[in-house]
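Next come two complexes built around chain A: one with chain B, the other with chain C.
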Partner chain A sequence: MQFDPFVIPFNIGLYFILIYVITRSVIWFRDLSKPDKLRLQRGFFGIAFGMSLKEIFMESLIHRKILKTNLRLGYMHMSLAFGWFLLILFGTIEADIFGARHLNAPYKAIFFRFFNPEHGKTGFEAAYGFLMDLILAFILSGLLLAVLKRFYSKIVGMKKTTRLKLTDKIALTSLWLIFPSRLLAESFTSGAYGTGSFLTGTLGTWLATFLPARQMAYPFWWLYSLSLGTFFILLPITRYMHIPTELFLIFMRNSGIKTGDKAGTYSEVQTYSCSSCGICIDACQLNFSAGITNIQSAYLMKAIRNNDDVTDIAYNCLMCGRCDQKCPVGIELSPIRMIQRRGGEAENDIRNIYKGYFRSRQSVNPENEIIQANYNFLKEEEPGKTDIIYFAGCMTHLTPAIKKSMVKILDASGLKYNFIDEHGGVCCGRPLMLSGQDKEARELINFNSRMIWKSGAHTLVTSCPICYKVFKESYYLDVKVLHHTQFIKMLIDDGLVKMNFLHKKVVYHSPCDLGRGSGVYCEPKEVISHLARLEKSSFEDENSLCCGGSLANMKLSSSIKKKIALDAVNALTKNNPDILATACPLCKKTFSSVTEIKIADIAEIAAEALIAKPLKIYSSSHLTSIKELANI
Partner chain B sequence: MNRDVIVIGGGTAGMEAAGQLAKAECKVTLIEKEEEAGGHVRNWCHLFPDRRNSADVVKYLSDLINQKNITFLKGTSVESINKSKKKFHIKTNRGHEMLSDAVVIATGFDLFKSEKKEEYGYGIYNNVITSADLEAMFRSGDLRKQNGEIPGRIGFVHCVGSRDEKSGNLYCSKLCCVTAVKQAIEIREHLPESKVFCFYMDMRMGGAHYEELYMQSQEKYAVNFIRGKVSEVGESINNGLIVKVEDTLAGRPLKMELDMLVLMAGMEMAEGGRKIAGMSGLNTGENRFFAAADNHFGSNISNIKGIFYAGTCTAPMNITETISHARASVTEVMDYLKESNI
Partner chain C sequence: MDKFGFTISKGRQIDYGSNDKRIAEYIFEKEPSFRLCIECGGCAATCTSGNFTGFSLREINILIKRGENDKVRQSLKKCMLCGKCTLVCPRGVNTRNIVVLAKKAFLKSDEYAI
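Then we have the complex of A and B:
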């Protein structure tokens, strides 16, 4: 039996982390809702499992997404993750082939050179040793980048890197020590026995010329084992927990589990899967426009993990969703932030002594005081029967040019419609939802739903992406919900309206709730290119900016919001367009207040381009798209 | 004694400063971007608080600059200002190149662009006008809606682009309250059948005879003052304006139909002034107006020796204050010329 006391720290750490991960998985699985448990079981025997393996390989080891956005940062992550994986894999094979026996204890593979110092003399052994050295060199190159990144983040092409807490620092140090100590331990051993390949061999031979290699090796083997052990034991309470957790995340996601609106296993798994890589920090406009660098999603995830008070972080966010798009792990950051908002100001009282290792479950929504949030005082008017409802929304009432344009277009279309909130209406409910007050919002939703249902309409057109999102996601309506850009597109396609071509340069700003929030990217641009010359900007589609006027952030001062707006306008209007077009009344208002450049909603441009024709009421049955809608 | 002074801006402040400098035997060049001197006053009809004809003021100012020491350059704007040693070198869009010993900046103000408060519907609804549009109607003597009808119910929205963080103007333009009161009275005189409503946040009547005018408007002219900000303006079926406002004294929301709405546009640093600030390195404050060296005893002095401010390019002022401020700038200029041995 090959054994040496120095392997004890490693063994303790390894078995600790294995038992921990198993316990943790059991707890996580137990806490899943019944449907999610079923999904997971189905996923395990289905295609999800294979897909997950592939994704784990591509994302957790190769880090494809990071590589695509940032080559150097991706290389750093890849060399550490993939390199370490290869080292373990080939180390195990090495121990299995060349070791005294097959099926060795893990430590035999990790400390193979110590127990087999003479190994590497024959040709095949030397070739294998070369491979192992190559892998180690690969990891060390990544480690070098990581160390540099910590002190000088621009080296990997990042403007900001995450700040660390003490345990993170200790874990980081132990992680950093693992590979250099392995290198030195192996080199000294190789130096003493005249083995080792191009890296360990060369370094070992050179070190042996002026140091007592045999005696020097032993302490480094201890250091190697100790740093591994420390790293494993600290892993659950540091960001490195993301290493095992991400595997669960990928599998759960592929099985079809979603974040939902309550805290649960999936949101917790996602929270732990955040590696604090800091990509979200660079993506965040609060960082690069306003210099606020403590509220980004990486910090939110960390604060949740640490059971810190997250109220300030959770609310100081535009909810623009830029970080969701950029997150290489694919964490649903905005929904998790919303869960924190819904959690309100409630405290996590129940803290146990192992809170770092088994944190108390996140508090569920505290019951708000019973507020008589009903809207009985509002007159519920009987809406006339109609095909199409136009719901302008509060913000559109504050930008009457959009409202007027839509009325002009709707009149010209000849379709039977009802401008349901022409003389004032009830809020769609999203602002309340964004501040975490779902119950109160539900009252508004019910009120509006009744109105819409009574009208018998098959299509609801709204001018405001904020309304659009909530109508689509949180209303249970048997109507097709369209943003007015989609509706105008449809009118043009069906030949219901004719438009002139305006010889103007137009740049499109995609509103957060319409683009990233609801996935409507194409129709607005198609309408613009039908009407005018659509110019490209450097912030298209998923990468579009937030105007800064977001309803979701009530923490920012006006001047900061203006700064964000101004930066966004400047970035979008680099090529001096005639019009900066948007499809959201709030974006329009926000931009108009900071620039002299003409800001217009797509509806306004369309109304300007509209060729007037005599008013005629069509029956909706003649029209293709509209007819399709009626059949839903 | 041959001392050259350039005055930039031919409004009230610029004309007053130019006139007084000429009296003090300076050779003055007065640069005005419009084709005519007089600035905003030229477009006004009557002035508060005594409702004197603004033409009187324009006449006084025109007479003042009609001196042999003054060269008036109309339709001219400044392209660059450079200082070398003690001389200022100024180039204009018309190709003038001038040297001067001192410069007085009197670029004045622009009215806030009311289109920016889109919720009030300026430029969208026909009968939403600004205080300046109303004054033009007074001058023409014809106060009508777009379609030629006589308006019956008229509203005034105070603080449009003033005291409004969202518009980027946190300051009070301070003249709009009393202007609204004056205009409300005039409407009631023009159209005795009409009803007038003022929607205000505070009534800031801090000037000589203002409070009396305010009193008069209520007692004699039955103008209604409603404390609350207009939130949005819509259009009714018969082209009336639906105004939503909260009556904060009664504590309830109001919705009323009006025939005409007048927006009391605030004062902003003039575009021309902003350009000059950009090209010359003159300091501006957070409110974008030129920042004076001292609020109490240096309100005409800039951060560049030899450049002085006159009038509303530093802050909102009424005519009386503008003229006083312009005269004070002349004192500063003369002191400077003397101290610098020019």
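Then we have the complex of A and C:
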């Protein structure tokens, strides 16, 4: 029987990780809610399975999304993941074809060269050896990039790379050692026996000229096995857990499971799927404008995995959603952050190794439930019956120009509407939600819902994207919710209002809650291009910036907020537009405090371009009366 | 008994010795911009809740700084955290955080009360 003591560390590691992953997936499946279990079962026997397989190949192995955003970084990830996969696959095939018998133990494939040193001298064997060397060279090229990235992150086009904890560093070192030690071990063996292809063969022959190759090979085979074993054992408590977890994530996502608003299996699977690649760090405005580099999503995921207190990280975020869009794994980062906000301050668990392998899920702290807000002072009103409700929102009351413009447009349209919060309304509830106080928010939501329901309207128009998002997502209303840009577009399309063309250069800033938050990208731009000359900026749609005034962040000082706003304005107004248009009163307010350039809401531009109606009904009736007079 | 229209008014002096400044100190520590407030009342004037009831962040600021916490405890519950006060503040005080911190501070002081 082919066996050598050096394979023991590898075997221990491999069987440990296999048993661990199976146990973990059983626990995860057990904790799923019943509908999610059904979804997963249906997904497993449906189209979702095929889709998942394709996605696993494209994303987990090829890393297509990272390749798209950053070629060098993508190559680094691809060479390690896809290369390693190929090495295992072809290694197993090699051991199966050329080995002593079929269906070998895994270690015989991994350490094939050690057990078959004479193999690969001629013919097909040599060609196969060439292929194996090629794959190893492919991995080593990526590894070289990875090592360089650690010390000089700009080499792969990254501004920042993630900071690591100790276990991560040990795991990283063992991962780095795996392939060079394999190279050296195979080279020495090849050198001693005169085998090997272009890489191991050449290196081996050269090394054998001045070193005792046969004696040197054995310690490197030990090192290879040890680094593999260490890597496997540390895997569950480091970021490399993403390798097995991402497969689960892809299956679950394709089966239609969503994050929801409580911590559960899916949010945990997502947390473990984060590979700390650091793409979210580069995307974050708090990083490149404010220089805050410890709160990005990668660090949030890491802190959750380590059972650290995440309050500071969870709250120090603009919730702009830029990282959500950029995440190559497709983790729903903002919902996970919201779960942490709802959870409040968690008690720090006593940390030990066991906790690292089987972490207990954070339970909701009762603290948030004790500070109960009290909105009994709100008086129920009886709004008049109407078709359309205009809800300006708190922020719009601070920018009266938007409010007035909307009233002008609504008046001109001739539709029957009710300006429901003309004399000051109630907050929509999203600011409370963003600070994790869902119960209080629910009170306000119920209050507003009752008012809207009583008015009998079929359409709700709001000027504030913050309100728009919460009306869409958290109010269960039987009305059509429109942001005013969508509404103006509808009016123009239906011919209810006529607009002039203003000869002005306009750049559009897409507000976070309207664009990334609610997926409204086209309508505002279509309205602008109907009214004026719309210029392109380098931050369009999903890549748009946050104004910095976000209500989601309560930790930032006003000077940092202004810095973010100034950076955003400067980036958007590179081509010197006449107007920087936005669709959010909060963005308008934040921007206008830092710049001289005219900031205008789309409603204001539309109101300016509006052609006043020639009072048809009025004048015609006037004319008839003159005719009548003449007839008399 | 007939009072002939006269009453004895309540004492109006502020006893700084008996006042509890812990809430104020907690907020000062966590949100230094609390010191910047000039009590202009802009926050109270724009307040969404203040539109319906006598809620005033300016008053809360003064009372917390004085250490008269009993009145604050109740009125804090009326805040909707909408954030208008932060936007109008001429001194850049992070008002929303002050409200949240004050709530937290009251909870903590309740926990450690004898």
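In this text, the second predicted complex is superposed on the first by the 596 of 632 C-alpha atoms of A that agree within 3 Å, B and C clash if a C-alpha of one lies under 4 Å from a C-alpha of the other, contacts with A are read in each partner's own complex, and residues count from 1 in each chain.
Criterion: contacts are C-beta pairs under 8 Å (C-beta built on N, C-alpha and C of every residue); 3 or more make two chains touch, one makes a residue touch a chain.
Nothing here was measured: the structure is a model prediction, and the numbers come from that model.
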item	value
Broader residue contact with chain A after superposition on the shared chain, chain B or chain C	C
Chain B versus chain C as contact partner of A:L398, first or second or both or neither	both
Partner chain(s) touched by A:K379 [first = chain B, second = chain C, both, neither]	second
Which superposed partner A:S558 touches (first chain B, second chain C, both, neither)	both
First, second, both or neither for A:K589, with chain B first and chain C second	both
Contacts of A:L444 with chain B and chain C, given as first, second, both or neither	second
First (chain B), second (chain C), both or neither touched by A:C427	second
Common interface residues of chain A - those touching chain B in one complex and chain C in the other	397-398, 423-424, 558, 589
Residues on chain A engaged by chain C in the complex (per definition of touch)	367, 370-375, 377-379, 394-395, 397-398, 423-427, 431-432, 435, 437, 444, 549, 551, 554-559, 586, 589
Chain C - residues contacting chain A, complex	33, 46, 48-49, 51-53, 74, 77-84, 87-89, 92-94, 96-97, 100, 103-104, 106-107
Residue ranges of chain A in contact with chain B within the complex	397-401, 404, 422-424, 558, 562, 588-589, 592-594
Chain A contact footprint on chain B (complex, rising order)	116, 118-119, 121, 124-125, 165-168, 231-235, 242, 244, 255
